[in-house]
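In what comes next, subunit A is part of two complexes: it sits with subunit B in the first one and with subunit C in the second one.
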Partner chain A sequence: MIEQIKAAFPNAENKDFDGNRLDITVNKETIPSVLLYAKDKMGFRHLSHIAYVDWIEEGEFELVYLLWSPVDKVKLFIHTRIDRENPVMENIDMIWRQANTYEREIKEMLGIEFPGLVAPDEFILEDWEDLPPFRRDFDTLEYVNRTFWHRPGREDAQDVRETIAERSGEEIPDFAQKYSR
Partner chain B sequence: MYNDKNSQKIVDIIQNWARKHSIWVLAYGTGCGAIEIAPTMTSRYDAERLGIRGAATPRQADVLLVTGYLTVKTVKRVVRVYEQMQSPKYIIGFGSCTINGGMYYDSYNTINLLDKYIPVDVYINGCMPRPEAVIQGFVKLQQLIAEGKANGAQKYLDNLAEYKANQAKIAPHWIAKAPDYNW
Partner chain C sequence: MREKATTIYLGPQHPGITGNMMVRLKVIGDTIVSAQTEVGYLHRAFEKLQERRNWLNSFTLMCRFCVPETDPMENLYARAVESLDNIEVPERAKYIRVMVLELARIATQLMWYAGQNGSMGLYTMGQWSIGDRDYILDLFEELTGGRVYHMYQWPGGVRRDLPEGFETKVLETMDYLEKRLKDYDDLMFANAIFQKRSQGIGIVPKEDIIEHGVVGPVLRGAGIRSDIRIDEPYEVYDKLDFEIPTQEGSDVWARALVRRAEVHQSIRIIRQVLDQIPKGEITTKIPNPMKWRIPKGDTYVRAESGRGEVGYFVASDGSIHPRRAHLRGAAFVHAITLLENILPGQNIADVSVIMNSLGTCAPEIER
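Presenting the complex of A and B:
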């Protein structure tokens, strides 16, 4: 099975220790045909997940389609990169129905558009008007400071060991020194 | 209208005495705190000997027990539940997440201060509070009821505009569609 995949996708690489996982990288345009080929010809009947990574330094998003073949017990991870400025990706929920859920999540959390996605209304976040929260340039603490309140007194949660050591006249033991807060 | 013991009428004293001995609790089991409700209510700690019982619906409940962190989504439901409850009604905030956000203080979708959105009468400290602490919180609430100091519902009515503004800050579209509290 592994050889068959390697013959079909020459850039497939085996990153796993137990040898049942293969990673391939393809263009974003070829994703639907690659997925269909993997599903129909190779027996990867199950789409486990669509994982997403924000490569902010390279100006790209990465989507990883995790496929599983229940017959051959092989995992196939299909990586693709899309532009961060204008993130549009082909909708694949006609191939696997469960892709709809993942794509709605990605649309909300990362802001990638999937043209033709059914039920494109809000999914997890409600009343969200800010940047998609799983983008790395979304500053969570800044958003919290702007939206919610902090109760005074939290700044007490400081490292008090020095004060206690001074007061009691004892030294902080070595094993405690390395656990700084 | 914030009455205390000196300005309570004799009717209020009798009313409050009766109220404090029949606390029907609507446990809004969000977060991890709901796990402490079961031992509190069952035979080990048996909160029913203090008159604390579970209520089936918001309209039959006296106390709303908010047990843990609230996301922006759940805080809307809590507000809706609270507005459905009939007076007299009280709120107990349970665990550090309702007090100051707890370990989720920097999360984009959990609120930090519950009393900005609904009036909290008693906070129970801890992460999580043990059943003893929960019962201590209920006893404290009973004291406040007897002294006529548990005035959260009145506070909510008096400062309705402020509470609604705070709720609208996190859920603008929902507030625009929500029914008026004074229906």
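Presenting the complex of A and C:
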């Protein structure tokens, strides 16, 4: 199989085979043709997952297409990198229709555009105008402080029994006092 | 005269919906013309929170992705970390993990018994199976300290050894459940209402079924023998003898028969595990969690849950935090593209029957 992969994708890098796992790294432009070839000619019929990672230090997003061949029992990892400054990626939902859902999520969470993706505008987020939240430079704490106000809760380290005793004027019995702060 | 389509919102608050999600239905009369799944009621950003947690802290979030079946997620995270850091797991821990996974599978299917029958208005079955599920939760409580969330299978092994006399209790529970399954058959599968409302309903087209991302009992209900425990054995499943039940009908009835047979197989697996389980260590010593760095790399591990394939993609950048941990749930495909495609033409009353049958779990879609 590794020979077949090498012959089919001469430009792909990192053709490692380890146990039942095969890794290839390809250009983002070639993704639809590589996926179609893997699906139709090599038996990788099942799209397990499309995973995404933000490598902010390198200025790139990584998409990993995880395919499974039910006959050969091999996992194929197809890695590709996308420029963070201009995040556009080919749409593949004509190859696997469920890829549509993954792409909707990636578009929303990472801000990658998929030209030609036919889907409702919003998937999980509603009226979101901030930075896509799964980017590494999105600061959750800062966003929360900016968007929501803090409601004063009950005071910390407050002993419920003391509060009740204060309100009702009763005394805390001796046996309970030793557990009281 | 052309009939006008009406829009109906099923959920997010509806007794027939499985979790916090909504299906927007367009209907003419009571026949569905189109369906669209809408989510967004439940996103907890677990995967975002993990970016700031260390490798062991993240493990406490792991089990919370799908409430009815929490153990496969723990197992996946543990295996992902072990494969990234090349940690060997003791043999005894692997057996205990399989036992826990199969107990969880039985508990999930018992919950499904309740949901599937409840969606048809047959509530007695639910009372029985949820009651019996509690016996399994009792076992979990004794073993792990928790009934629903266990946080038991951690990287390196499992957290505690089996308590004294635990094996006997498990076997007794299995004997009891096996007897009860006969009663379930009489109440559920011999019931004319259940038969009429499940046969020929919610048919998943067999054409290109693998390409459409269908997994688990739905795929096996369409006659394809596919199970990750056999295809890509993990833990000690390759040393155990069990069958993968399949059915041909591809409808709600076929999937019900598959799940029923799976409970029997899980009981069989648990008996073998308790018979073969070796003595020895239950966990490998892991580094100090505060300073635990995992070599740069990525991995994708898969497990068979009660709903089908769940997978976990984990990437490490060599630091003390996971760079990315990304879950693939069966419902991510089943409850969106598959559901939207098979609902048109069905009756409104069958929507929740079909959703239960496909194993919809909303928390798995929004993590």
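Keep this in mind: the second predicted complex is superposed on the first by the 132 of 181 C-alpha atoms of A that agree within 3 Å, B and C clash if a C-alpha of one lies under 4 Å from a C-alpha of the other, contacts with A are read in each partner's own complex, and residues count from 1 in each chain.
Everything that follows uses one rule, which is that contacts are C-beta pairs under 8 Å (C-beta built on N, C-alpha and C of every residue); 3 or more make two chains touch, one makes a residue touch a chain.
Just so it is clear, the structure is predicted and the values come from calculations on it, not from any experiment.
Of the two partner chains placed by the overlay, only subunit B lies in contact with A:147; subunit C stays clear of it. Looking at the superposed arrangement, the partner reaching more residues of subunit A, out of subunit B and subunit C, is C.
Using the contact criterion defined above for the overlaid structures, shared-chain residue A:39 touches subunit C, although it does not reach subunit B. Of the two partner chains, neither subunit B nor subunit C is touched by A:160. In the superposed model, A:101 lies in contact with subunit C only, and not with subunit B.
When the two complexes are overlaid on their common chain A, residue A:52 makes contact with subunit C while staying clear of subunit B. In the superposed model, A:71 lies in contact with neither subunit B nor subunit C. Of the two partner chains, subunit C is the only one that A:123 touches; subunit B does not reach it. When both complexes are aligned on chain A by C-alpha atoms, subunit A residues 125-126, 133, 140 touch subunit B in the first and subunit C in the second. Listing the residues of subunit A that touch subunit C in their complex gives 20, 39, 45-49, 51-55, 62, 64, 66, 70, 73, 75, 77, 96-98, 100-102, 120, 122-126, 133-134, 136, 140.
Residues 36, 39-40, 43, 45, 47-49, 51, 210-213, 226, 231-232, 298, 300, 302, 309, 311, 313, 315, 317, 323-324, 326, 328, 332-333, 336-338, 366 of subunit C are the ones touching subunit A in the complex. Residues 72-73, 76, 99-101, 105-109, 111-113, 116, 169-174 of subunit B are the ones touching subunit A in the complex. Against subunit B, the residues of subunit A that register as touching in their complex are 125-127, 129, 133, 138, 140-141, 143-144, 147-151, 153-154.
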